[in-house]
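The letters A, B and C name the chains in turn, as written, and every chain counts its residues from 1.
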Amino acid sequence: MTARSNGEVQEAIADMLADYGHLIDADRLEEWLDFFVEDSVYKIMPRENVVKGLPLSLMLCENKNMIRDRITSLRQANVYNIHVDRHVIGRPRIVGEEDGVYSIEANYAVFQTDQDGMTRVFSVGQYVDKVVFLDDGPKFKEKVVVVDTAAVPTLLATPL
Amino acid sequence: MTARSNGEVQEAIADMLADYGHLIDADRLEEWLDFFVEDSVYKIMPRENVVKGLPLSLMLCENKNMIRDRITSLRQANVYNIHVDRHVIGRPRIVGEEDGVYSIEANYAVFQTDQDGMTRVFSVGQYVDKVVFLDDGPKFKEKVVVVDTAAVPTLLATPL
Amino acid sequence: MTARSNGEVQEAIADMLADYGHLIDADRLEEWLDFFVEDSVYKIMPRENVVKGLPLSLMLCENKNMIRDRITSLRQANVYNIHVDRHVIGRPRIVGEEDGVYSIEANYAVFQTDQDGMTRVFSVGQYVDKVVFLDDGPKFKEKVVVVDTAAVPTLLATPL
């Protein structure tokens, strides 16, 4: 592992988050998957549960294969995605580091546009992530999407 | 005072703004207060008044004690905050520097989610700030929140 | 031309985008024009057309004079702008470089506030730009605003 300055770490993570949002928005979920290590956790939690310490999540993938399966299911469902997403992600905050695992947080807003071209705020919340650096760049060891917006009818369609 | 490059100044201020938004969103207002120096001004101005040169503000704290008092009032009011906030802040622009006081501007959007999990755009506008660097990092000497969104019923509940 | 690191390129382009949004929001369109080179293309395309490879745009300026003319028309129309804009722009992604021309992408959200102080999501989408560096900084050689939000009644009033 190469030594990195704090600035380099933050730039690399900010770039990853921008790419992450882009790949979801572009419906390139197979490439999006590359941001996760094999034993990574991906879950979506309501903010209220996080605050109250309740474990219940809206979606839970306990390893990369579970995330992979979700994408496969999405593709096989063979339904046209009638909404398009657009992520706007705030600057990540590096809140800790232990043994090369960086704890980061970043606010996000996802806007969704329907087939009539009408846009609405779809989901806002916070990414609470653990990031490791591999040879080909930063990866999520854990990604928890803490959603403020609990009223999400189409939540399970695409990742956030 | 240590010499800083323009890049370092901007990174430090961008980090401060991200932390600033995070602390409001997390309702950690006592820590949020640490971003202000003792003689700092915090005010919320309607954009229209700024454009027309009118002095009238929606909220005015002329020093840190006044900001402190507002937080104390909020805490003593002992009402549950029925909305949660989420800040997404754009990249700060350094627009000037004089005697170590940096003038910066940054666009923001604050989303608010109610108890039913419905999210709406709560306030958008621009931070117009004066920032100084102390030993423990950048602080606001003046923070003017110029709000586009004038129709804000719950404006006085939490800072922006 | 001076050699630039990847980090310097990205910072400079991120700064340009922040300034770009600011100048539109502040209705300083004559200065905003300075971000375009003489033979630059500015167009607004619906996302659907981009995905389907259709050439039809919502607005097309094939050189800087056409952009200049649009601003002149806006000024001469002498109508009061009854909405104000606010841009929040995500981190730019540098997706390629050839002969000093950088291909970049960045997500944006534009909020519009009416005279009653009510704010709504006006347009979200992606900037897909080609950027060159001149002596006085980065400029757009091409700017394509890919809009998710097709239902834009007041689209032609101001640039995005």
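Things worth noting here:
Here, a contact is a pair of C-beta atoms (placed from the backbone, for glycine too) under 8 Å apart; a residue touches a chain by one contact, two chains touch by 3 or more.
It should be emphasised that the depicted structure is a prediction, and the values quoted were computed from it without experimental measurement.
As for how the two copies chain B and chain C face one another, under half of their interface residue numbers coincide. The rotation that brings the Cα trace of chain A onto that of chain B spans 120°, given to the nearest 5. Remark: chain B and chain C have CA centroids separated by 27 Å (rounded to whole angstrom).
Those residues of chain A in touch with two or more other chains are numbered 88-89, 91, 109, 121. Within the complex formed with chain A, the residues of chain C that make contact are 7, 10, 46-47, 88-93, 105, 107-109, 121, 123-126, 148-152. The touching residues of chain A, when paired with chain C in their complex, are 11, 14-15, 17-19, 21-22, 25, 84, 86-89, 91, 109, 111, 113, 116-121.
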